[in-house]
Amino acid sequence: MNNPAFDLLMWARGPGFDIALVIFVGGIVLRLFEISILGRKRDLAPAKGNGFLQGLKTIFSRSVPREGLVKFAPVTYIGGYVFHIGFFVAFFFFAPHIALIDDAFGISWPAAGRVIIESVTALTVLALLALTYSRFTDPVRKSLTTFDDYLVLLLSALPLITGYVAVNKLFGDPTMMLAVHLLTVEALMIAFPFTKLMHAVSFVLSRYYNGSIQGRKGAES
Amino acid sequence: MTATLERGLNALREQIDAPVASFFTSCVSCGLCAEACLFYRETEDPQYTPIKKLDLMRRVWSREFTLLGRIGGWLGLTKPVTDADLTAWETLVYDSCTMCGRCTLVCPVGNDLTMMIRKMREGMSASGHGPVELIGAAQRHIDGNSAMGDLSKAIHAQVKNAVEAAGIPIEFDKPGVDYMVILSAQEIAEFPDVLSAMARIFKKADVTWTISNAAFEATNVGIQLGSRDIARTLVQRVVDAAESLGVKGVISPECGHAYQALRWEGPNLIGRAYNFEVIHIIELLDQLRAQGKLKTKGKNSRKLTFHDPCQINRRGGINKEPRRLMNMVAENFVETEDAGTMNWCCGGGGGVGANERAAPLRNIAFKRKKAQIDKVNPDAIVTMCAYCHHTLDNVLEEFNMEQEVLGLTELVAEYLDEDA
Amino acid sequence: MDCNHPSAKKPSATADVLSFVATGNASPVLHEVKHALIQLLKTGAESVIDLGAIPFAPGDDRVLNEILGIGEVHATLTVMGESHVRETAIPGVWCVDHLDENGEYQSRFIEVTYMPNILKTQREDAERGLETLAERLGALDDRR
Amino acid sequence: MANKPLLPEMMKTHGVSRRAFLKYCASLTSLMALSPAMVPRVAKALESAPRPSVIWLSFQECTGCTESITRSHSPTIEDLIFNSVSLDYHHTLQAASGHAAEAAREQAMKDNYGKYLLVVDGSIPIKDPGYSCIAGISNLDMLKETAAGAAAIVSVGTCAAYGGVGHANPNPTGAVAVSEIITDKPIINVPGCPPIPVVMTGVLAHFLTFGIPELDALGRPKAFFGESIHDRCYRRPFYDKGKFAESFDDEGARGGWCLYKLGCKGPTTHSACATVKWNNGVSFPIEAGHPCLGCTEPDFWDNGGFYKPLSVPSGDYRKMGLAAIVGGAAIGTASALLSKAGKAKAVKAHETVNAHDLEKSS
């Protein structure tokens, strides 16, 4: 006798993960090569500031919004922060995820408790809902939104929701929900390199370029 | 040989490099660039969202520079950019963007949208979608010596006036001096006092300088129109003149895009570094101040504020220098909200000021600057770009505002300590 | 009170730490006990709560013990392993713990009753008691 | 067989008091996850339960299940429950052997046709039935023959229930579970490697008192397999607090912290281990400091490694990842070179823009 939920879980942990990983890692590398091999011409104008250092600095400093801007797009800013921090915490501080990272890279750190993980997850999903809502209602967001954006929102929300359901046994067989959780993560991984999710990697390049262009001129970034 | 769609698309292809690819890859269409844009902020029309203005370039990138986009193109899932598309984008790219660079500084993923507008204009102009006024200016400048036509008589007349006013000789084409001064057409036509101001300051500071008959115009419409070829020709003129005179440096005048063109784009346009330095007049004045060669006496007692020209501060990196000079000569210097790096554009930059079609929109967009000024309610606004100066003069009048606009060089010269 | 009778497994050092780990289930159980006591007084209906049916951590036991306290009666039964029947400081509320021959818990109940049934002599046992007594008396008579 | 004594009589002869019986019924009721209000009904049912004939077949197995069930040192009510059934055939336990043993089975089948309870442990090889035979009869044939007259079947142990170790990859004998062969009889699966003896007796008691218990989708009595180890684990609060043992001898392991990271399958394993425990309630694997292997679940042998956390992929994904980097780099380079070629073509096609040809021809 087989347990379909268990078989699905094993598929998700085995071939499913392998397929997703290959597309995820291969895709990211592909995209990064695709971008960086294009190259940029050496800037012949004598530099006034250190573009390299400011580029590096901007990778981090751009995480802080410009003064006074938050009030003009509160949903995007606050929702964006809650989502990003929440997703980060839920991913990197939930013990089973740390176990995965430990297995893959041999590094680990203390896990956060259930109360933290679950409230963060709930907040993160709420933030996603708010961001989705603003894509429907806010004129700027609405005019910019494409299918890709909704897909990305959905793909980001599903692992959070299914993870929450699996851990709390809200409904369904827990083994099945765990399998479904892994499958949603795998869907996210597969979509990652070829959708706007890729920004989670390419933002480093973009911020660096931005900072280095400005920095060479001695301008702020 | 004429402007065609294919030339335009080719120009766009030429412009796409790693930063562009990275920027389009990173965009999550969060729309925060809209909040930074004066055109969106004052109209609240979502079409003015900066990243939307770049959509055609994004499509070219996606279809021709990404694997999936290429496959999508082969399968006919995406459509190539057409001439009609370019026509539809014309006003977005030229009328509703002053290339002020605010969006570049707020984009959370770090996209340099302004740089991409600059690149996109290459394709727009090559495909014949440049605004007529900018094309006219380009033709006048290429055929003559200034975007305003032949200004050689005018400059000689203004120099003569300045020599009389300052009592200091100004020589043309004098080799071996420290600096060659170039001027924006706006200065020659509207604000010639800067000549006598420079003459007096440089005399005191023992700085020698000259003006070249071959290249006295600083503006470069190629930058605004988005044509590297035209921009290169114009930069080359200045470089040739400066190098034949053997000057130590060229002083970029109070003009935003001129500084951008000569200081930052120029070497890349002509494909080599110059044999001289390019220094902005305000940078130079601040250097002289630091060396003790520029001393002032007395201060202006009126309430003064400072308007940062986008291309000189935000995109040029000259931020603290004008403030140090302001503090030398202003008793009551007040900063506006967002002053400095995030200052609001006057609305005239990037060729928008010359574009008649854009005038109504420009007047709406100016309300942002107006609100910024109103909050401080100064007696006069000081700036370091003749075109900002010109735009502010015009729109202040349009809005029945009382403030006077002053050039920083002239203001400093006014309080020059002649006895020091 | 302690439903953990000393004859049960000795608490270890880790058990002390564990005694602060709780699931939060003690409070609903105690409310159930209160409700049962009201019913007992009103209608005489007896209730039994199976503590094995509720996830309980050592911390929950601690809370339960603190609230219910130790009462007047403590009986130890020796029936296929020990059983501890104890009245708590709340009269009418009893703790009934069944241990096996190895001193391990088989089952744990809270009974809300005037007298837990297990304490009473069962009729069948009394019958067999009578038989045994009769047998022994017969043997005594035979000896005489 | 029919004249075997009923439970009350047996209790009497073993000197077990009524009070002990009541205590047993209370514990049994708790064990079966029934309401305490059911205790009198359980007691009544046990007293008057008819004692069915039981035939126990052992196929591809290790005898661990039988060992587990007989692993009671002192006489308990469980023994009495077993004694109250008529174990007519169990080739490990019965005295008879050879032809006499098979004759006993045939006799019991004949006498109780349609009424006897069939207990099976071990999996059945179907690739070649000759892999496992008893008295020259293949397991497959013996199962089919014996099941035909059974009232119900209890598959004891994971092998009989789900194929177990025999069924594990690569399954050389083609081992299958009882339920794969017999489809027309009620089957109660009591998985575990081995199953908990108390659970076995609980299931038998339930069968005797109330008939076939409520089963889950995998044929397991819900009373014993309804909840996961993880949900009932005394170490669960540590999981919730994010405190984990990282190795078998670290501070966490000594402190009794959660064993998830050491590969514990508690979250996906349904069993009563955490509540009923083993060896008369002494302990269970997690309490002994070892992660749950998930032995009550189908294919638990192939769950990606006993010591691999559930969240860790089971395959050799690192190699895949490295291959993906190389592949991605190659395709990315190819794509970029294609882009660059397009760009180079555009540069080559570039005609110098003249200020006088910026107006579109039409």
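For the reader, a short list of remarks on this structure follows.
Letters A, B, C and D mark the chains in the order given here, with residues in each chain numbered from 1 onward.
Throughout what follows, contacts are C-beta pairs under 8 Å (C-beta built on N, C-alpha and C of every residue); 3 or more make two chains touch, one makes a residue touch a chain.
Quantities reported herein were computed from a predicted structural model and do not represent experimental measurements.
Put simply, the chain closest to the centre of the protein, by Cα centroids, is A. One inter-chain figure worth recording: chain A and chain B are separated by 38 Å, centre to centre, where each centre is the mean of the chain's CA atoms. With centres set at the average Cα position, the gap from chain B to chain C is 89 Å. Mean C-alpha position of chain A lies 38 Å from that of chain D. Distance between chain B and chain D, defined via averaged C-alpha coordinates, is recorded as 76 Å. Residue positions of chain A touching 2 or more other chains, listed in rising order: 30-31, 34-38.
In chain B, the residues that reach two or more other chains under the touch definition are 16, 65-67.
Shared contact sites, meaning residues of chain C that touch two or more other chains, are absent.
Interfaces, counted as pairs of touching chains, are A-B, A-D, B-D, C-D.
Interface residues of chain D facing chain B in the complex, by the touch rule stated above, are 331-332, 335, 338-339, 342-343, 345-347, 349-361.
Considering their complex, residues 1-4, 6-7, 9-11, 13-14, 16, 64-67, 70, 125-130, 132, 135, 138-139, 141-143, 225, 227-230 of chain B touch chain D. Every residue of chain D that touches chain A in the complex is listed here, in rising order: 161-163, 177, 179-180, 189, 217-219, 228, 231, 239-244, 246, 258, 260-261, 267-268, 297-299, 302-304, 308-315, 317-318, 320-321, 323-325, 327-329, 331-333, 335-337, 339-340, 343. The touching residues of chain B, when paired with chain A in their complex, are 16-23, 25-32, 34-36, 40-41, 44, 46-47, 49, 51-52, 65-68, 104-112, 115, 263-268, 271-273, 277, 313-319, 337-338, 341-342.
Of all the residues in chain C, the ones that touch chain D in their complex are 14, 17-18, 21-23, 48-50, 52-53, 55, 57-59, 77, 79-80, 83, 96, 98, 100-102, 104-107, 109, 117-118, 121-125, 128.
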